[in-house]
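Dropping the structures in below, format is structure tokens.
In the two complexes below, subunit A is the common chain; its partner is subunit B in one and subunit C in the other.
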Partner chain A sequence: MAMATSKRIVLDARGSFCPGPLMELIGGIRQAKLGEIVEVWSSDQGSRKDIPFWVQKAGHELVSVVDEDGYTRFVVRKAR
Partner chain B sequence: MKIVILGGGVGGTIVANLLAKRLRAAEADIILVDRTGRHAYQPGYVYVAFGKTKAKTLTRDVRRLLRKRVKLVLGEATRIDPVGRRVHLADGRVLEYDRLVVALGARLVPEELPGFAEAAHHFYTPEAAAKLREALAAFQGGTIVVTVASVPYKCPPAPAEAACQLDYYYTKRGIRDKVDIRFLSPLSRVFPIETLNPLVERVFADDKIRSTIFFNVESIDTKGQTVTSIEGETVPYDLLVMVPPHRGAKVVEDSGLGDRGGWLPTDKHTLRTKAHADIFGLGDCTDLPVSKAGAAAHFQAKVVADALVSDIRGLPATARYDGRVVCYCDAGRNRGISISFDYEHPPKPPRSLGLRAWLGKHFLNRAYWHLVPTGRV
Partner chain C sequence: MVVFSGTVDRLYPAAIMASGAVAMGMDVDLFLTFYGLDAFRNGNPKTNQKMDMNYKELAPMLAQLMKEKNVPSWYDMIRKAKEIGNVRVHACAMTLDLMGLKKEDLDPIVDDVVGVGEFVSEAKEGEITLFL
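This part shows the complex of A and B:
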């Protein structure tokens, strides 16, 4: 579920098991322009490991990880 | 009231038939618009590639699948005007609506990845599947790379299924020892669903399928026969099987209703589009965080039909989509797996792949036409 504002794509992937929050994030990063922020919301525990690992491997920047009530917000900047 | 449904695939056909069953003629006109007039059972395409099915058995006339009361319009929607509540068709016709259902599916855009058309095989259209069948038959040995051009794509487990089917195919041909099957996954694991991943990894190990994770394709070098990822790895291939890039429906993009991938922003529970409550989004063309598959559109269609009936009768719309998906995967060697989940409940891992789920898949392949588009199940 994407809400595109001027420089930020917010992806609500809460409750997503297949294809899952990481795939939503990768899709968002592909759509984003260099320097833009992609934020993905996940209620899947696996994301805590998956998302930072992928962001590092793909050379992007993990700006913040914010715990909310029942889900986590991962804020990523497209860096390459 | 006029209800216009765009798309005669799984979702659109079920909505039209359920409405025709439940609404009296005086309550609503039900109009379904389809570009080709043919409805395809897309899960069958992979069987075309492996020589088990002929493409012509996988389509039916949309008209034959629809109840009589549904008016079928053959044409291509080229613009949606949400303010004037009109849909413009390519031939100049204009359809007015009170409620619109957009069920147009995903669009394959191979042109978005340079080299794809020249170098890559796939099984996402009947023509491509037939071409892949010839390439597989001619292949005498070397490396087959199985991967996806980008996410999202239809039927997340399909590439893993194809890799298992390749193992079975070349084992039967007696040249499996000459064929190296490499599976490149865009995710942190080989299978999209975490709870099922350990099982699929065991199957890959048994089938000697080599896997690489975090491989999101950046480019294809058609001369050097290599594929490179945005994560910086390069893998050589002799035969490349790659799911093509996907986007949302063209009319959604052209009407300014899509997000940057062309997907239609849709509420994940009510299935109404976020910008317009009188337009519903259904299936692969939406940005819903579930599998792009008939196995999801099937359940969404019932919610959309319920909501439309409530709207027309002036009742509060209480129908909610809970994220339900039920599907079968075929891993070759007469082994299958059945998967079901929703937004709140991840799929439960089965102990092993089994004959029962494999039979379930093959039963569905045949019974689909009688059970699914009609809205019976």
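This part shows the complex of A and C:
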């Protein structure tokens, strides 16, 4: 589910399992323009390592990782 | 990746690792042979419920949990992996001949039919080879 609110794509991947949230994020980053923010919500434990690893490898910027109740929000800026 | 087995419990790791690999920017070649190829015959990706008999006590529970938790099918995972990156699905020519099948008898997700020589030559260039 993608909600676009002023240059920010929010992807709710809660309930989706590894590698679901990461795949959602990759899809979101593809759609986004340079400099835009893509945020993915994940309740999958693997995302904690997988997503920061991918963001670094793919050369984007991990703006923040925020723990919420039962899930984590990964905020990423498309950098290339 | 050589996909030899056609049971759902082994098709999942193939699909998940293919997804992880394309996520990390790698190219993936799936070589379907024997039972793995049977799993890709037209219609089979949707209907196949086979599980490894060695784990027959566990299989129904896992199938039920995956259903409850809305885990996408291994087939949808491979489709998604193909959208994200370079995943090629090759059918083993020998198995096709043996079963008297043609490319048209296989699910459209299969890209082409290759001989083992071609696949092994490609695998030689790869960094990781998996047999499932």
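Everything below uses one rule, namely that the second predicted complex is superposed on the first by the 78 of 80 C-alpha atoms of A that agree within 3 Å, B and C clash if a C-alpha of one lies under 4 Å from a C-alpha of the other, contacts with A are read in each partner's own complex, and residues count from 1 in each chain.
What we mean here is this: contacts are C-beta pairs under 8 Å (C-beta built on N, C-alpha and C of every residue); 3 or more make two chains touch, one makes a residue touch a chain.
Values in this document were obtained by computation on a predicted structure and should not be read as measured data.
J.: Of subunit B and subunit C, which one touches more of subunit A's residues?
T.: On the superposition, B touches more of the residues of subunit A.
J.: Going by the contact rule set out at the top, does A:20 touch subunit B (first), subunit C (second), both, or neither?
T.: In the superposition, A:20 contacts both subunit B and subunit C.
J.: For A:31, is the partner it touches subunit B (first), subunit C (second), both, or none of the two (neither)?
T.: first
J.: Looking at subunit A, which of its residues have contacts with both subunit B and subunit C?
T.: 15-20, 22-23, 26-27, 50, 54, 57-58
J.: Okay, in this complex, where on subunit B does subunit A touch?
T.: By the definition above, subunit B touches subunit A via 150-152, 156-157, 186-188, 192-195, 214, 216, 230-232, 259-261, 263, 265-268, 274, 287-291, 323, 325, 339, 341-344, 346-347.
J.: Can you check the complex and tell me which residues of subunit A touch subunit C?
T.: 15-20, 22-23, 26-27, 50, 54, 57-58
J.: What does subunit A use to touch subunit B in their complex?
T.: Checking each residue of subunit A against subunit B gives 1-4, 9, 11-24, 26-27, 30-32, 44, 46, 49-50, 53-54, 57-59, 80.
J.: Within their complex, state which residues of subunit C touch subunit A.
T.: 16, 19-20, 23-25, 69-72, 80-81, 83-84
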